[in-house]
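In what follows, a single structure is set out as structure tokens and then discussed.
Each chain gets a letter, A, B, C, D, E and F, in the order it is written, and its residues are counted from 1.
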Amino acid sequence: MPFEPVILFFLLGALAGLIRSDLRIPAVLYESLSIFLLLAIGLKGGVELARYPLADLVFAALTVVLAGALIPFIAYPVLAKMGKLPRADAASIAAHYGSVSVVTFAVGSTFLAGQDETVEGYLTVFLVLLEFPALMIGIWLARRGEAGSDWGKVLHEVFAGKSIVLLLGGLIIGWIAGSEGIKPLDKLFFDLFKGMLAIFLLEMGLVAASRLGDLRRAGWFLASFAIVMPMVSAAIGIVTGLLLGLSIGGTTLLATLYASASYIAAPAAMRIAVPEANPGLSIGAALGITFPFNLLIGIPAYHWLTKTLYGVFA
Amino acid sequence: MNRPLQARKLLTIVCEAALEKRLEKELPQLGAHGYTISDARGSGAHGRRDAAWPSSANIRIEVLCEQSVAEAVAHHLEAHYFSSYQMVIFLSDVQVLRAEKF
Amino acid sequence: MPFEPVILFFLLGALAGLIRSDLRIPAVLYESLSIFLLLAIGLKGGVELARYPLADLVFAALTVVLAGALIPFIAYPVLAKMGKLPRADAASIAAHYGSVSVVTFAVGSTFLAGQDETVEGYLTVFLVLLEFPALMIGIWLARRGEAGSDWGKVLHEVFAGKSIVLLLGGLIIGWIAGSEGIKPLDKLFFDLFKGMLAIFLLEMGLVAASRLGDLRRAGWFLASFAIVMPMVSAAIGIVTGLLLGLSIGGTTLLATLYASASYIAAPAAMRIAVPEANPGLSIGAALGITFPFNLLIGIPAYHWLTKTLYGVFA
Amino acid sequence: MNRPLQARKLLTIVCEAALEKRLEKELPQLGAHGYTISDARGSGAHGRRDAAWPSSANIRIEVLCEQSVAEAVAHHLEAHYFSSYQMVIFLSDVQVLRAEKF
Amino acid sequence: MNRPLQARKLLTIVCEAALEKRLEKELPQLGAHGYTISDARGSGAHGRRDAAWPSSANIRIEVLCEQSVAEAVAHHLEAHYFSSYQMVIFLSDVQVLRAEKF
Amino acid sequence: MPFEPVILFFLLGALAGLIRSDLRIPAVLYESLSIFLLLAIGLKGGVELARYPLADLVFAALTVVLAGALIPFIAYPVLAKMGKLPRADAASIAAHYGSVSVVTFAVGSTFLAGQDETVEGYLTVFLVLLEFPALMIGIWLARRGEAGSDWGKVLHEVFAGKSIVLLLGGLIIGWIAGSEGIKPLDKLFFDLFKGMLAIFLLEMGLVAASRLGDLRRAGWFLASFAIVMPMVSAAIGIVTGLLLGLSIGGTTLLATLYASASYIAAPAAMRIAVPEANPGLSIGAALGITFPFNLLIGIPAYHWLTKTLYGVFA
């Protein structure tokens, strides 16, 4: 089945939102599920990572971060010049699209597992590494020229942020414990992963539906950006993956990472560091359009493209 | 016992939850001796905030203090947050016991 | 063992409430568990449903809904004439008893599984279908003769209500995915079902205990009604089940559905549509008496009666 | 900056959570420009509401507004909800910045 | 309908969540006809209470009542809790409908 | 691996707290997890208990309670005389150290399972029995000589307290259901136990880190007490276990119980019954020092000591 059942939960949530159902996922359940998902992704990545010599990763990781850093630098001028958005907004949106969405990554992994594609375990490391550079770049884009930006504060905000702490913490615990040591924990963190993701997607559907108003105000330019930008980013991801000699699964997941737009870490960081930016625009685009686009169309498309190119180049 | 009631100001701030950590640091610097926070949702000039997820959650902060502190806090917030953040503040007159605390 | 351990959790909760323990199930946990249970029941029903041709169901479903619609029409005159309750109260209570309790359904299913009875998978469809007609009937009973009841609002309240959205949404997702496609989700939604139900019942015990005060005020008539009415409804259910040729398990579960009284969807709908009705009466009866009665005595009794009649008629 | 404080009314409503959706629709129609909601439990003439489950949860709504709006809301609530719902309302005098918002 | 607004007192108590059960019992004994509770966190003379776990959670209790009851409650709390518990109380003037309720 | 991965979660939480991460475990998740853990421990104990004739337990239980009652009587004079703490504080801290920590018990059980040590199932009964006597003793120590302490209220506070109700309730349900009857519940309560414990420990790490400030104010005497006292208590536990003829696992776990200090039941009870005591001191010591000490050093040490002595005496 090319259709992942977890995606149906997203659609259910979105539909419930659109018909103004009184269904609400309590905020605390949302927070609890996101703690679970971040830890679980970290742990799983850590267990996989234990299989690879770390030294080999350094070059690949560096390449992935540098290639990923292109994204905000492509997005910013498009938003500022073509979209005529104020500097702060263009920079903030660029940061959202340069950073990554953990849930899109999770859905991508799930999709690939359903397609029997194996994925290099260290992709989770890339997930961790890709989260923050774009945030820094976005803040720099917004603030350059101004005196006295407090980078220390910003760095702390990002690195001590919930998602980095849990992903990295999980990664290290998984790496120390290894696939045997983690054993009774896998019943919670691995076996239930997809079910928890399904409930989380139900909530994301509800939230995405409630963001459509913001989006309508944002207009056609931003809506188009929210579809074209992930395709460009995915292309960068596919090229990078092929150059690094990743598998089909690994390349597709890297493309998915690049294509995804952050709607957890980035909004939190931008709200504090670039307060003039309108969060309605960036969250509306990232969550209202790009997230469903990646889920429903993007991921299968990136997979198809990777397979096709793999046949040609690899 | 049966100490007299004395007049103080109650400053109430309703704003985005994203500001909690920052305001917790700034309020004491502005002379507040304490504060009370609870979770809230709401609606205002910037639309509805339903607290369905962290980005759309509000908080409600109360500060009991002297008139001068209340004004200092109000003007600090006005200068630093009113233009970019969703925030509403209001002051009222209250009576407290142990006025030296506030 | 004819005694289901999940029922012990209800008793534990009720006892904790009676001794005024400081045990509290956080409201958010209650909401999270009810989202889980509704989704899980829907999904399970959907997976089962995939095995039946839908067309065959239409006649059975229609019969079940029509027979079920008798219940509020029996309950209302009893409450209004014999019980001398005001019109709004009689109508509201009739709606509660005409509608169904998802948790009673879940305990019934669990009980029958423990008795090795198979149940037709489409009973979940009946659960969905039986939830709302009685609410409509109750509102009509309370409002008939009045000008301008806003039925559009009421219909929206019920159909966009949390329980219909999650049950129906789960049903459709389960139906699309099928028993293979649902695979990694079953670890959360099916394997953990009974444990989650146990914790939910613990909370229901606490809430039921806190409702006994309301009940005492309601008096003997309502208390008797809360025991006799489910028996009458169960009898209707057994006859309907036998006529439709359901299995022993299916007939017992249909009887349980009819006998159960709603204390989630009905209170919410009645509070808005029939505000003059005292919610203490309806919830007190449904949750304080009928729910424990069904759990402890009703379900095994309906099963025994069905088995006995089955020997005679089928 | 340093705009003057101006007088407004704060109307507080404590009522059953079941009314939230409805009041969110009606308040703006009655002239309120915003509101803040938080979860509550409590006790009153109709007994204890412990918020242990949705049927027994309360909410607490605050509306900053002009005297006339406060009175309109109060009388609307009195006419439509007092008899059938558990509800308490009270008004107080507050001072606000940016009074044009309210 | 359109009953007049009448003056009452609003007593607000912010204290450790551990006192909830006890205060729920004592308030009616002191003459309060009702109360509203919500969860809170905060900071004061005894440091920060972040509500991360039960021992560090606060509650916020509001009591609408007559001046005499407000004073009785205030002095009861002062006598029994001020020395050993983290607690802040303040009074304000409010106007209510159905004043006979309070 | 002598290192339990669940302990890494505690360290992760503590680290996150120390670097002032914005990671927060919602209070409701904390409460939900503690309900889960208490129930699960009770259920597991109950299932095990079904294997033992209850009569045999009475003598052992009595001994364990009496030996355990020594602890607050040792702690109090040390705190009051050597530590020069006010009477209320000394009594309250003595109560905390005389009572037990459910989570330390859970980590101990997990550790022993990892070491392939079997543990007598009735240790859970001891856990229940050891929770409250020390609280009574502490209150008596603080109040003796005063007129009219309201013991009825205090007894109710403790016995109707959440932890006794859930532990004892679980124990009885498990005992009635037995290992077969509990069957589908085990997927939630037993299989996921360790994962849930891991998340709980993450939170405890965060809370412990936030308590370090309290501790710094408390000074060296209390910090030393928080390390020496558990060692003394563990020694009493090992002697008692050996005298009763418990296995190595059982003796180690009894030592762990004695060594553990309550930070759930005791703070709640003391806050109400001995309000003059400063909770910062007792919780700071119990959670900030003794809890991590037992997790990281104590439990393996008590195990090693028990094994060594077992070779000599048994």
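Quick note on the criterion: a residue touches a chain if its C-beta (ideal position, glycine included) is under 8 Å from a C-beta of that chain, and two chains touch if they have at least 3 such contacts.
No experiment lies behind these values; they were computed from the predicted model shown.
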item: Third chains touching both chain E and chain B; value: D
item: Chain E and chain D - chains in contact with each; value: B
item: Selected interface, A-C versus A-B, where C-beta contact pairs are more numerous; value: A-C
item: Chain copies touching (chain B, chain D) - same or different residues, decided at half shared; value: different
item: Farthest chain relative to chain A (centres taken as mean CA coordinates); value: E
item: Greatest separation from chain C - chain, by CA centre; value: B
item: Between chain D and chain A, distance of the C-alpha-averaged centres to the nearest whole Å; value: 40
item: Length of the line joining the C-alpha centres of chain A and chain E, rounded to whole Å; value: 46
item: Interchain centroid distance [CA atoms averaged], chain E/chain F, Å; value: 35
item: Sequence positions of chain C contacting 2 or more other chains; value: 22, 24-25, 28, 31, 192, 268
item: Contacts with two or more other chains, residues of chain E listed in rising order; value: 38-39, 92-93
item: All chain pairs that touch each other; value: A-B, A-C, A-F, B-D, B-E, C-D, C-F, D-E, E-F
item: Chain A-facing residues of chain B, complex; value: 16, 18, 22, 47, 50-57, 81, 83-85
item: Residues of chain F defined as touching chain E within the complex; value: 24-25, 27, 30-31, 203, 206-207, 210, 213, 263, 267-268, 271-272, 275-276, 279-280, 283
item: Residues of chain D defined as touching chain E within the complex; value: 12, 14, 38-45, 48, 58, 60, 74-75, 78-79, 82, 88-93
item: Interfacial residue positions of chain C with respect to chain A in the complex; value: 28, 31-32, 35-36, 39, 156-157, 160-162, 165-166, 169, 172-173, 176-177, 181-182, 184-185, 187-189, 192, 268
item: In the complex, chain A residues that touch chain C; value: 1, 3, 5-6, 8-9, 12, 15-16, 19-26, 28-29, 191-196, 198-199, 202
